[in-house]
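One chain, chain A, links the two complexes that follow: it is found with chain B in the first and with chain C in the second.
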Partner chain A sequence: MHEIVAMRDVAPNVHELVIDAPDVAAKAQPGQFAVVIPDELGERIPMSLAGWDRDEGTVSIFFLEAGVSTMKLAQHEAGDEIDFMAPLGTPATIKQYGTVFVGGGCYGVGAIYPILAAMKEAGNQVITAIEARSDFLLYNESKLRERSDMFFRATSDGSIGSRGKVKDVLRSLVEQGETIDRCYFMGCTFMMMVSSRAAGEHGIPSFVYLNPLMVDATGMCGVCRVTVNGETRFACVDGPEFPGSQVDWEELFHRKSQYAPYEREAYRHTCRLRGDRDD
Partner chain B sequence: MASVTIDGQSIEAGEGETILDAAERADIFIPTLCNHPDLPAFGGCRMCLVKVEGMGSYVPACSTPARDGMVIHSDIEELNRLRRNILELILSEHPSGCIICDDRELCFDYHRAPSKAGRTTGCRFCPEKDECDLYDIAASLDIEDIRLPIEYREREVRRDDPFIERDYNLCILCGRCVRVCDEIRGVHAVDFVNRGHETTIGTAFQAPLLDSGCIFCGACIDVCPTGALSERRMKWGGSPEQRITTTCMLCPVGCSIEVDVTRDRILNVHAAGPGHGTTQLCVKGRFTLPALMQHHERLARPMVRDDVLKAASWDDAIGAAAELLRRYEPHEIGFVVSPGMINEGGYMLRKIAHALECDNVGVASGMATAGALQTITSGGSIDIASADVVLLLGVDLRITTAVLAVSVYQAKKNGARVVTIGCDGAPRWADHAIATPSVPNFLDGLQAALSGEACNNDVATMAEHLQNGSVAILYGPGVMADDGTAIASLAGVASSCNGTVIPCWDGANVQGLLMLDCLPGGHGNNPVRDMTGLKALYLTQPLPDIPEHVETIILQDVYTSNLLERADVVLPAASFSEEQGSMLTCTGERRILQPCTTPAGQSRPDWDILSRLGVALGCDGFAYDDVAAVTEEAMDHIAGGKKRPGENDAGGEERMLPDGMLCYRGHAIGAKVPDFARLVEQWRDDDA
Partner chain C sequence: MTDYRYQGEKLPADERKRRMQTQRHDMREQPPMARVLNFDEVNLGYTAEMAKAEAKRCLGCPTAPCVDGCPVHVKVPEFLDAVADGDFMEAARIVMEDNALPAVTGRVCPQEIQCEGPCTQAKAGQGSVGIGYLERFVADYERHSEQTCCFDIDEPSGHKVAIVGSGPGGLSAAADAARAGHEVHVYEALHKPGGVLVYGIPEFRLPNEIISYEINRLQSMGVSIHTNHAIGRIYTVDELLDDKGYDAVYLGIGAGLPWFMRIDGENLNGVYSANEYLTRNNLMQAYRFPETDTPIVRGRNVAVVGGGNVAMDAVRSALRLGASNAYLIYRRSRDQMPARDEEIKHAEEEGVDFRLLNNPVRYIGDDHGWVSQVECIQMELGEPDKSGRPRPIPIEGSEFTLDVDVVVVAIGTGANPLLTETTPGLKTTSRGYIQVDDKLRTTKPGVFAGGDIVRGGATVILAMGDGRTAAASINEWLESGDWPASG
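Right after this comes the complex of A and B.
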């Protein structure tokens, strides 16, 4: 069990979780993830590592409240202990590629930071774009801006930055003649799909960090199977980074929605938190 | 009749119709957000502005009566521009990134299930995703952009109440909830709070609904056009696979309800709507059914005692029950009908008793007496809403008759005088609330005054009111708390003023069961009151204080209970949402029940269990192919007119039955639905 050092609301439904885990902090690398278990009845949720402080011995994670388990997680407070396993997955390959475009949405706005920082460190020109439906849902901006050569915001309603999404920022840059060598996208599956498609349209290689349903996260159970380039891969050990253009998105969405009816039902049983048992 | 032209189409508008009514009848779409068919016109949102030739400015279609010769334009660019401006103002404070998002269609294709988040920040997070008035109107007006600064109000999501969750970050201030609460329910728990930009909906001092007089009828949720108000448990239920119309059996009002069912489970309950009598429900019908009907304490398997209770097959259990009944003389057996049983079950239990020549039959309800049944016919027959005087005697309008209270409030608004006598939780709009220590004494006085005897001023004034207008009398368990004389006085009062009497029974189908003669016929005892000499009991719900001389108990019930310690045979019965049949409401209407889900576990409908038992006992006339034949027989019996002579209502042992209006088949609803227990506890505190 690991102690929660901090739990902050950074935007409506988006929370930053800081965990005391010196061993994890010592070894974590960009692109890796953790499995977090909110309580003994909660599911195991893969979450990207959004930062680590090797001196303090802490790691941080951004997550979106999207169902029962994340709701339970969000109800934890500093001082609570949770089950947590990291670092997992293959680290991102950080090299000097030239100009790197980094896009984040939802939890990815916070979680893309290690990749962005490492790319910058490796001598790349880093262009960062973040997206949300509206301005009140964006966060973490100053930190991202600090390490970026160019920084853009996009909102669905145009309330701040340009109207549209990360993919629209990318298109607009390419149309203006910017040369981009690689793209990295982190966010909800939909965002990663449409963004990598946009990159593909301009012939730019893109990399995404997949977050399918996962159980053991060490390559044993196979729940996180994804089809990449026609081959079955395990997101937990072969990934989570995969070339966006090669992912079978339709299948991934299908697999992710497999338990939707049970998720609805689970929400109605939140009882175990609130003493409000249904059956 | 008025002839109007709307967008070039000639329409005949009926008496009192507004422009919007006429347009809707002619399938002309005029957008509106604050208007609702159940509510009087408000004219608040200004989305329905139309241009009427000859009138200086634009007028709201929802509140402007259609007059002869009007030429109306509803779909012209100048109006749509105005509407777009208004809607943009509304959307600038309502999380609406999704409504205007360019990727919306694609996103909806992929994100089939909503994200079940604590706060709604867009369509994907909204419980109203599937049926959103705002989105439909935005789409109809081609809103593609919001040209105003976007603001998220950052208001706390209120989750501190039973059943209801309120997120005023989504509220568009249409006032539907305020109006339904005040104008339809007469409760007025919420209203507009603060002014100008800070306006919100709330209770006095932003107290929880629980402390605000809210009766948790859920009417506000039903009329809310956004996801601001939602039922916590059902918030993410999604669209149901099926919607089945049946009847609620949690009180004698017998509301027609629409039950949302997915994967053979009840998700949600709504009022069945204008075509089925009511658009309103009470807390029990609206919120408790899913948890109550699908509770983990449902009896799932037949059981037979072999030292301890052991699971058995239906055949073995029915055989064991028959064998036990055969051991006793008819006068040693008592049959107890639960008021939560529908006509078919009650009729079959009575039929078994009679086949065994046993006359010890009773309904587990303090109000189920022959005298109470007779009060129905002692006066006139009018709608409550059209009464000039409404007399409420010993009823709790929040629980027992929350839906009848809607009609009483309607009568009040039509000018009726409403008098409550000995009522808990009397509505604030009652003209007189008389907290008499003894309802029977008051009735005696009233009857005397009506027959011209001298009496004190209060009673004389009351008698005068009763004699000058049509009268509706609603009475509840408070009237029964004596030896039956109050009932006689009540019948006398009703006949003196030709008042319509509506008994607010303390069980759902008491009226049906009484009409089916589920009472002793003259040579037996009502086992609910008097168990003297009984050695075997056939129970269809738990009863308190069963004496030791009762050797054998056959329990045909829905839930487990302490009685399992004594029961010899346990027969799991289907709940009312799982069976087909009928019941009689307290206003004498017959309501139909349809199965919404398959019976829990191996449980079976009451009539089916009793039909098998009849066959096992070797009695004639118990082999039925389906419930329809039972229904026909039961209805023939009710229509047969002459009721049995009736028992002596008085006497017997003192048996404290739990409040039938807080129970389903003798089991406390609060024990199954903790939110309901919280609510009842609050009401009791308020009363104290």
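Right after this comes the complex of A and C.
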């Protein structure tokens, strides 16, 4: 069990979880993830590692409250103990590529940080873009800005930065003549799909961090199988990083939706329990 | 072969005759129609009277073929004598000298091809002595009694031993290493210890309470268990040896990579690996959903592909999850099924629809990416193949379809490369299994391996036997420091 050092609300429905895990902090690499279990009866939830402090011995994660399990996780406070396993997954290949474009949405706004920091460290010019529906949903900006050569925000309603998405930022940069050698995208599946398509349209290789369903997350169950370049791969051990242009997105969407009806059932059940407790 | 000879008194002729005419006592079990509605254990165990009577069927053969048939060489006739005398605690003690997990093996061993297979009573026609049932009985007696059957632990040796994997092999190795006085740490990737005993074998065959009890026993012997530690990621084997101060490492990591058939439609929704299906249901307790948070698809028409114990566990779980039709699709015939006899019998009684000599060729999906049908082809048996069993050959033009909403692929597992890839100096076979010598020494000094990661898919008891062998080899290595030149 690992102790929670902090649980912060960083945006509506988005939380930062900081966990005391010195051995994990010492080992974590960009692109890797963790499995978090909210309680005794809880699911094993895969979540990207968003940062680590090797001196303090802590690891941080950003997550969106999107169902019963993440709702339960968000109820925890500093001092609580949870099951936590990391680091998992194959680390990203960090090299000097030239100019690297890093895009984040949703939890990826926070979790993209290790990639861009390492890319910067490796001598790349780093362009960062983050997206949200509106300005109040963005977070983590100063940290990202600090390690980026250029920094952009995109909002669907145009309330801050440019109106649109990460893909639109990428498109306008290319149209302005910016040479981009590689793109990295982290966020919800739809965001990664449309962003990597936009990169492909401009002939730029893109890499995405897939977030399919997982159970053990060590290559044992195979629920995370994704088709990449026509072959079945296990995202938990072969990934989570894959070339965006080679992913079978339609299959991934189908597979991710498998338990949607069950999710509703879990929600009804849990909310009823909570209601009873309040009475 | 063992040199074991049973030294007990020879039975008088009339007693021997009486015993040979006594029929094997059947196990009490939940009736099939009741048990398919719950996940409680099917077998209910012997009563003390039944146990004594069954133990009194032993003929006390001096050659004790049962001991020879047991992979860990439990001194069967001696423990049966103790049971016959009503001294169940002593019986438990005798079993545990050789077997760290008797409550487990008494339930999951394929006794019919091990201890009970060569039993003289089996040849006499009244059924072999119920050695497995009796092993289960004495282990349960010990667990439910006030006293705990204790092991003698040697003086602290000053050595540290790491066990990677908390399955049956790792737990057996840990028990023996602890008894030898070593400081033992067990690393487990999942959040609960027990390996396949916890994530794989269902509650109705092996209640989790038994594993918890055995884990507690190990902890009371001073063994530390570290869950949520995926060795290969959090620490490499080299780090265990160099930085963490371990003098020896045992790799009992299992063969945790599910095989698929690489046929069309295998990535459709509703198609599970057996590992996923069983892990959701057992480790994550999806059968209690929504009380627990991990769901599982409760299919109406479920097809399980395979003929081993895992396939039986999956198809019987499907029935308990409410399937109206639970098909077992197996490409060979019943005689060639690798599953235990009792599991096949139980599955038949529970209404599993056996579709033997059939093999899936593709899965057909609906518009939403869900599996809706499995297309199968009929098979016939030809000449024996490498496994010595008749080779199944597809019959051209015999394809047919079954309507299904869940498919579970239970055709075996391969080597999971998570650890081996990050361990330089560790030689593996072309299929990724770790190479060892007869003392289970790998090509890396101080590192031992056994169970499925060496053998491929095997059984709980073979893994346990390996754990014991490795623990003995570890003692030898810690004393001598000799390691064979890697060849």
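Basically, the second predicted complex is superposed on the first by the 271 of 279 C-alpha atoms of A that agree within 3 Å, B and C clash if a C-alpha of one lies under 4 Å from a C-alpha of the other, contacts with A are read in each partner's own complex, and residues count from 1 in each chain.
Convention: contacts are C-beta pairs under 8 Å (C-beta built on N, C-alpha and C of every residue); 3 or more make two chains touch, one makes a residue touch a chain.
None of these values were measured; they are calculated from a predicted model.
After superposition onto chain A, the partners chain B and chain C occupy separate space and fit alongside each other.
In the overlay built on the shared chain, the residue A:Phe190 is in contact with chain B alone; chain C does not reach it. After overlaying the two complexes on the shared chain, residue contacts for A:Ser156 are found with chain B alone; chain C is out of touch. When the two complexes are overlaid on their common chain A, residue A:Gly164 makes contact with chain B while staying clear of chain C.
When the two structures are aligned on the shared chain, A:Gly79 is found in touch with neither chain B nor chain C. When the two structures are aligned on the shared chain, A:Val68 is found in touch with chain B and with chain C.
Touch criterion not met for A:Gly123: it reaches neither chain B nor chain C. Between chain B and chain C the least C-alpha distance in the superposed model amounts to 10 Å.
Under the contact criterion defined above, the residues of chain A that touch both chain B in one complex and chain C in the other are 68, 257, 263, 265, 268. Chain B makes touch with chain A in their complex at residues 95-98, 100-103, 106-107, 110-113, 115-119, 121-122, 125, 145-146, 149-152, 154, 233-238, 262-263, 265, 290-291, 294-296, 674-675.
Considering their complex, residues 12-13, 64-68, 71, 74, 132-137, 155-159, 163-165, 189-190, 193-194, 253, 257, 260-261, 263-265, 267-268, 275-279 of chain A touch chain B.
By the touch criterion given at the top, residues 2, 23-24, 27, 35, 37-38, 41-44, 68-69, 72, 83-88, 215-216, 218-223, 225, 227, 232, 237, 250-251, 254-255, 257-259, 262-263, 265-266, 268-270 of chain A touch chain C in their complex. Taken in their complex, chain C has these residues touching chain A: 189-191, 199, 227-230, 233-235, 256-258, 260, 262, 266-270, 272-273, 275-276, 279-280, 284-285, 288-295, 297, 368-370, 416-418.
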